[in-house]
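Quick one: structure below, then a few questions.
So that you can tell them apart, the chains are marked A, B, C, D, E and F in the order they are listed, and the count of residues begins at 1 in each.
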Amino acid sequence: MPYVNIKITREGATTEQKAELIHGVTELLRTVLGKNPQTTVVVIDEVETDNWGIGGESVTLRRQRGQ
Amino acid sequence: MPYVNIKITREGATTEQKAELIHGVTELLRTVLGKNPQTTVVVIDEVETDNWGIGGESVTLRRQRGQ
Amino acid sequence: MPYVNIKITREGATTEQKAELIHGVTELLRTVLGKNPQTTVVVIDEVETDNWGIGGESVTLRRQRGQ
Amino acid sequence: MPYVNIKITREGATTEQKAELIHGVTELLRTVLGKNPQTTVVVIDEVETDNWGIGGESVTLRRQRGQ
Amino acid sequence: MPYVNIKITREGATTEQKAELIHGVTELLRTVLGKNPQTTVVVIDEVETDNWGIGGESVTLRRQRGQ
Amino acid sequence: MPYVNIKITREGATTEQKAELIHGVTELLRTVLGKNPQTTVVVIDEVETDNWGIGGESVTLRRQRGQ
């Protein structure tokens, strides 16, 4: 009954890509630790680039500089 | 001074229902552990069904199949 | 399939009290939102008082002053 | 490589204020613990006032009473 | 620069298994979303079975019944 | 009433350093957003280096290579 929280910046991940993440991480926990997929919960948070910082500045600013 | 985070799928919980959750969990912590309601913080996150997975697939897909 | 995370200071909560919290919050979500208890996950984190701050200082210091 | 999550109510924090939070907390971790800013991640969550509770009631209700 | 938090019950996951989880989820984010592994952070929390609830009761109790 | 969660690797942060983090981040929220320190909650999680991954591997392995 693992719980996984994936946080990414909101930059256009599609429904299909999110479904792949959910499926992939659930499989990973089944394969590595034998966890039951039926009670594995995955929550994806998509965070605005203004609200995500790395290197002391927001991702919005980094994207403007081409990073 | 407990902190409680409740994550649910975004499927129409009303303001009144969310107020009930806040009140109920604060009372629970007061009753069971003697925690002071004045410093008990409750944060409710409502998550899109595309972003919530269980059993290796999204809740959106499960709802389409009637689960 | 809600997920609830309860954070409290590590100050002697018993196994019975933690079982009451798990049962109580699961019931609350069933009563208020009709959530299925079988897929409601509750995780309790007990945090050292040195690692919990409120009012700009640690709970350890507050407890030393009798708060 | 610290990870910091800041949760505040959604009440009009500006892009500039959020940039100040990201910069300030990254600097704090560099100064106090010598953490490398390049791998310090900061995520700010802005939470609707209906979804934030303290004292057993939502911030929406507290704001209506002038608190 | 994704951030992933994996919560599992503390029931003997080895260092090797945890390394597999870290590697696997980092690869998943690279493959599905093109995320840079160098800034992908994974944090694994191992939670005591007394502190993890599902179905309204602790995992400790479920394990005693053979579930 | 902000809530801040700081996650760092468990590598010997002292009680004094943790008190500085608590005080510093509470002050930052007061200065930047006018948040009341009395209801600002800070929780520090210290995570074993086996359980923290970056670049697809654990911090334990990185430390062994001198990173």
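Convention: a residue touches a chain if its C-beta (ideal position, glycine included) is under 8 Å from a C-beta of that chain, and two chains touch if they have at least 3 such contacts.
Chains and their UniProt names: A, B, C, D, E, F = Tautomerase.
The structure displayed is predicted, hence computed values, not measured ones.
Asks: According to the touch definition, list the chains common to the neighbour sets of chain C (Tautomerase) and chain F (Tautomerase).
Replies: In this structure, the chains that contact chain F (Tautomerase) and also chain C (Tautomerase) are B, E.
Asks: Quick check on chain A (Tautomerase) against chain B (Tautomerase): do more than half of the interface residue numbers occur in both copies, making it same, or fewer, making it different?
Replies: different
Asks: Which of these pairs, A-C, B-C or C-F, matches C-E in more than half of the residue pairs in contact?
Replies: It is C-F that reproduces the contact pattern of C-E.
Asks: Counting only Cα atoms for the centres, state how far chain D (Tautomerase) is from chain F (Tautomerase) in Å.
Replies: The computed centroid separation for chain D (Tautomerase) versus chain F (Tautomerase) comes out at 14 Å.
Asks: Give, as an integer number of Å, the spacing between the C-alpha centres of chain F (Tautomerase) and chain B (Tautomerase).
Replies: Here chain B (Tautomerase) and chain F (Tautomerase) have centroids separated by 25 Å.
Asks: Between chain B (Tautomerase) and chain E (Tautomerase), what distance separates the C-alpha centroids? Give it in angstrom.
Replies: One centre to the other, that is 21 Å.
Asks: Going through chain B (Tautomerase) residue by residue, note those that touch at least 2 other chains and give them in order.
Replies: Residue numbers touching two or more other chains: 1, 3, 7, 21, 39, 41, 43, 52, 54.
Asks: Viewed as a graph of touching chains, is the assembly arranged as a line, ring, star, complete set, or other?
Replies: Basically it's none of the tidy shapes, so other.
Asks: How do the chains pair up in terms of touching? List each pair.
Replies: In this structure, the chains touch in these pairs: A-B, A-C, A-D, A-E, B-C, B-D, B-F, C-E, C-F, D-E, D-F, E-F.
Asks: Which of the residues in chain A (Tautomerase) end up touching chain D (Tautomerase) in this complex?
Replies: Against chain D (Tautomerase), the touching part of chain A (Tautomerase) is residues 7, 47, 50-58, 60-61.
Asks: Could you pull out which chain B (Tautomerase) residues touch chain F (Tautomerase) in their complex?
Replies: 1, 3, 39, 41, 43
Asks: Please name which positions on chain A (Tautomerase) make contact with chain B (Tautomerase) in the complex.
Replies: 15, 18-19, 21-23, 26-27, 37-46
Asks: Would you mind writing out the residues of chain F (Tautomerase) in touch with chain D (Tautomerase) in their complex?
Replies: 1-9, 13, 17, 20-21, 24-25, 28-29, 32-33, 35, 39, 52, 54, 59
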